[in-house]
Amino acid sequence: MNRVDRKRFRGLSVHVVLWLCVIISVFPFYWIVVMATNTSQDIYSYPPKLWFGGNLLTNIQHLFDKMDFFGSLLNTVIVAVCTTVLVLLFDSLAAFAFAKYEFPGKKLLFGMLLAMYILPTQLAIIPQYEIMVQLGWLGTLKALIVPACANAFGIFWMRQYTSSGVPDELLDAARIEGAGFFRQYWHVVLPCVRPALAFLGIYTFILSWNDYITPLVMLVDPSRLTLQVALAQLYAGHSTDYSMVMSGVLLAVIPLVLVFTFFARGFIADATKGALR
Amino acid sequence: MDLSRRRFLQTAVLTAAGAGLTAACGGGSGSSGSKDSKNLKFWYWAGGLSDKVVADAKTHFSDATLKTSVIGGDFKTKLLTGLKTAQTSPDITGVKGEDIASLLPNANRFLDLKTLGMDKLAPDYLSWKLKQATTQDGKLIGFPIDIGPCALFYREDIFAQAGLPTDPAKVSAQLSTWEAYFDAGVELHKKVPKSFLVNNIGSVFSMAIGQGTTRFIDENNKFIGDQDHIRTAWDTAVKPYTLGIDAKINDNTWNAAIGNGTLATELGAAWHALDISNATPGTKGKWRVASLPSGPSNLGGSFLALPATCANPDLAFKVVSWILNPENQARGFTDAALFPTTPAAYKLPALTGGDAFFGGQKTIEIFGPAAEKIPAAYEAPADAAVSVAYFNELTSIEAKGKDPEDAWKDAVSQAKQIAQRQGVK
Amino acid sequence: MSSSPVAGSAATGPPSGPATGSGGRHATDRRRGPGRPARRIRPVSSGARPGPRRRRARYWPQYLAISPYYLIFSVFMFFPVIYTIYLAFQKWDGIGEMHYVGFQQFRFLWDDPVFWLSIRNTLVIWVLATAPMLFMALILAVLVNSTKRFTSFYRVALFIPSITSLVAIAIFFGAIFSNNFGLINAVLTGLHLGAVPWLSNEWTIKLVIAALMTWQWTGYNAIIYLAGLQAIPSELYEAARMDGAGPMRIFFSITIPLLRPIILFTVVVSTVTGLQSFTEPQVLFGSDASTNPNSGGPGQAGLTTLLYFYHTAFDTNDFGYGAAIVWAFFLVILLIVLINWGLVQRKERRP
């Protein structure tokens, strides 16, 4: 094989390997659809059915009988959206202060953040639970939204981007025109950090959507669950109609995948931009 | 993805408003000072009550609103979380049999049913069952829904294949002790290699423990989990494993296994029949019920309780006592395999009729005598927590091939530690 | 993604006056490779230095800006963490009274074989998941970086697993690895290789959980590495090739050193998240509810420390002991993060 052939072979084998990985990444979704469209008996049978069946609607109907799907979907959306917006607001504000200003106690405050970054959330969950009881927020969505706003990653991410992505010249120009802190934030910082905000927004949204342990602990009433907890409850217990559960899995997974694929290009581009800073 | 700042601000404000709004809605109807609300929150788990009876209760008490919730997952955890605040607390709640003992120390969170009229009804219900929900100073917090007289469920077609008797009376007579049961199991596995006798040894252990009059902690709060009665139950449980007739099923594959003949028998309480029929409706008519080897045992059997924050105790008690009157308990048996706790129900046709799932067999003939002879044992609040150690070690034997002697030693030492942490001497 | 947050130490730069993000400069240096300090223009000072009291008042916008975050943070993170320490010295069943018991919970912890088992389980699962995953992610990133066509498609396809709900995936893995009717065993039986009791054997249980974690995060880490790779200027590669370096040499002498901060970041993050696995074993084995709930499956092989904590606190209502577990575990995590940190850093020192 001459050099050109060897190069082409290498190029081709790279693609083959990558396609293999893509298949591994995507295969579960295909298989979930197969299981969700067949019956439980089909799932138990050997050899297993490899193609889609026609049972999807029946499974979904059973699913809706057993679980308040749209209710928990709505709750999940509410929690995810509220958390995301609040995180974006609070984190970008605080990041601006840390990135472009000095003030007394800044080092200490930032150091606290650092320490908290590696603390697992589970460390705080029991007292959080008690606090929710005292506040009367137990079982409500507030109990999920508010604590999630204290995510250290967001501040680090925004601070990084703000400090290098917001040109000081623009800030100086704004200051000369008499703009105070918040005006500068609104007019200068926010437009500059848009890619970082976009990335953080999607990241927070996904994190909130997929969160399991917090709603597991805080929510009780079956009419007020989030999707993950409702799904897990569906699965537990002896008598499990597998195909019904799989239809639930399918419905739980699809929205995010669709939304993500739509925004994916931009998302990854923003991640790259942020990483390069 | 472009986010204009104005839209950002608008969304932020809407979010804050929306969060406030949903929070307000999430508050729920807090009960005011007077205890006469007509809205009752009712929590139970799937299969805990007959859904038809519950639906009828809603129409029967037409001037009240019964908001029922079927709660999945870990019921006890959800209940304890719910009990924390008045808004999240239900007004009527189910309490599983294995959890009632651990709630007795906090009996002040529940209402004493005797003050609401239970003292008049108590003679109609099984006293040993009432005792399970009574504190040491006589406060009764649970109204018994069902009891769990245990029996041997078996596949008569697989028994026929293996040359074993198929008539329930004959099976009860032949498989009358654990040894005889295991011997039959060895026979069966030889003749029908893909079938096993038991699904896992934990179930055997549960039965054996329930056949005794003492459990893991005695009435003086002393740990007795290392004594002979537990040891015997342990040895009995390990036997099927060493004989190779244990299917070692400890997960969700039970559903498939029970349907395809991997499991020839199941040890369980009367309510277990519902699990079997739900998991494998296709085997209807192939199952029969025989009496449990070596004597009756009780497993489970739940209660309905009224949290102290109940919005209308009198109405709630009326609802509960109606749902659990003899006729409705009989319906509970036919609908959800809930064995009644009031002997008056045992003579009703719903109980004495044949069960189609069991090929028309009159299962009361097995469960009735079993229910009468159930040994009453003291269950300490920490009992459930302590027993976890034994079950974990039994699955270790099955999962890792751990030596049963080592497993026993570990189980006892762990159980002792858990007991210590729970405040047992 | 940003480089490791711990790199951005806030302790540099002049203590007062309107200097800016000195911490940021630190990190940005790393980003651009050795020997190239970033240039920063100091903004014009916003006025003469006022007296102490007025100085503090002058900073009110900054304090206001950080206050929402820090308010939530202190109420819901900082204070609870301190409270958990306090809780570890009590005995409490969550619904009754609290009793002070001194170090008793920690003594129990020391003697508790299940706790140590859970630590072992967590570590094994973490190693099984993280090491191969990061390695594969690096390879994948290099491969994707070398492609000219389909690049965007690969990036999206590889990223998708990381946004999938963990609960859904755990249920899915539970179904396909099921002993009796799972797809994996069906394939194995079809190939005459014999079925494996995936969810009953102590090692295979850990493998399944690790496989779950690997499936979910490999693509995500690959994309992160990819971003880093794309930041490496191609001139470096050209120069190295002209000096006659082969692909292996290039990889180890150029690529890896320049990726070091990113590698560090992914190692730290994977460590912290990998050690905290809770959802996977809880969902996979939550079905045996009545006799031993949340026990991590047969033989407690899947019992991770966080699952044990949840079981102790919410199933056996022993909140004091649960607090002790979670604090001891945090110290373990800290130790491991520091070890990982040292390992990755030390390699850099070697010439």
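Labels A, B and C are assigned to the chains in the order they are written; within every chain, residues are numbered from 1.
Criterion: contacts are C-beta pairs under 8 Å (C-beta built on N, C-alpha and C of every residue); 3 or more make two chains touch, one makes a residue touch a chain.
Please read these numbers as outputs of a predicted model, since none were measured by experiment.
J.: Taking chains as nodes and touches as edges, what kind of graph is this: line, ring, star, complete or other?
T.: complete
J.: For this structure, which two chains share the highest number of contact pairs?
T.: A-C
J.: Report the inter-centroid distance (CA atoms only) between chain A and chain C in whole Å.
T.: 15
J.: Using CA atom averages as chain centres, what separation in Å is found between chain A and chain B?
T.: 38
J.: Go ahead and note the Å separation of the Cα centroids belonging to chain B and chain C.
T.: 39
J.: For chain B, jot down the residues that touch at least 2 other chains.
T.: Only 73-74, 84, 252, 256, 260 qualify.
J.: Name the residues of chain C that each touch 2 or more other chains.
T.: If we look for residues of chain C contacting two or more partner chains, we find 174, 180-181, 286-287, 289, 314.
J.: Do you know which chain A residues sit against two or more other chains?
T.: Chain A, residues with two or more chain partners: 44, 89, 217, 229, 232, 235-238, 240, 242.
J.: Report the residues of chain A in contact with chain B in the complex, numbered from low to high.
T.: 40-41, 44, 78, 81-82, 85-86, 88-89, 129, 133, 136-142, 145, 186, 190-191, 194, 197-198, 201-202, 217-218, 220-224, 229, 232-240, 242, 263, 266-267, 270
J.: Using the touch definition from the top, list the residues of chain A that touch chain C in their complex.
T.: So the residues of chain A in touch with chain C come to 11, 14-15, 17-18, 21-22, 24-26, 28, 31-32, 35, 43-48, 89-91, 93-94, 96-104, 106-107, 109-114, 116-120, 122-128, 130-131, 146-147, 149-150, 152-153, 155-157, 159-164, 168-169, 171-172, 175-176, 180-182, 185, 206, 209-210, 212-213, 217, 227-229, 231-232, 235-238, 240, 242, 245-246, 249, 252-253, 256-257, 260-261, 264-265, 268, 271-272, 274-277.
J.: Chain A touches which residues of chain C in the complex?
T.: For this pair, the touching residues of chain C are 1-3, 5-6, 8, 10-11, 13-21, 23-25, 27-28, 31, 38, 40-44, 46, 55-56, 59, 61-66, 68-70, 72-73, 75-81, 83-84, 87, 140, 143-144, 146-147, 150, 152-161, 163-169, 171-172, 174-176, 180-181, 183, 186, 189-190, 215, 219, 223-224, 226-228, 230-231, 262, 268, 272, 276, 278-279, 282-283, 286-287, 289, 306, 309-310, 313-314, 319, 322-323, 326-327, 329-330, 333-334, 337.
J.: Give every residue of chain B touching chain A within the complex, in rising order.
T.: Those in contact with chain A are residues 1-3, 5, 8, 11-12, 15-16, 18-19, 22-23, 26-28, 46, 69-74, 78, 81-82, 84-85, 87-88, 252, 254-256, 259-260, 275, 278-279, 282.
J.: Where on chain C does chain B make contact in their complex?
T.: Answer in residue numbers: 91, 93-96, 105, 108, 111-114, 174, 178-181, 197, 199-202, 205, 285-295, 297-301, 314-318, 321.
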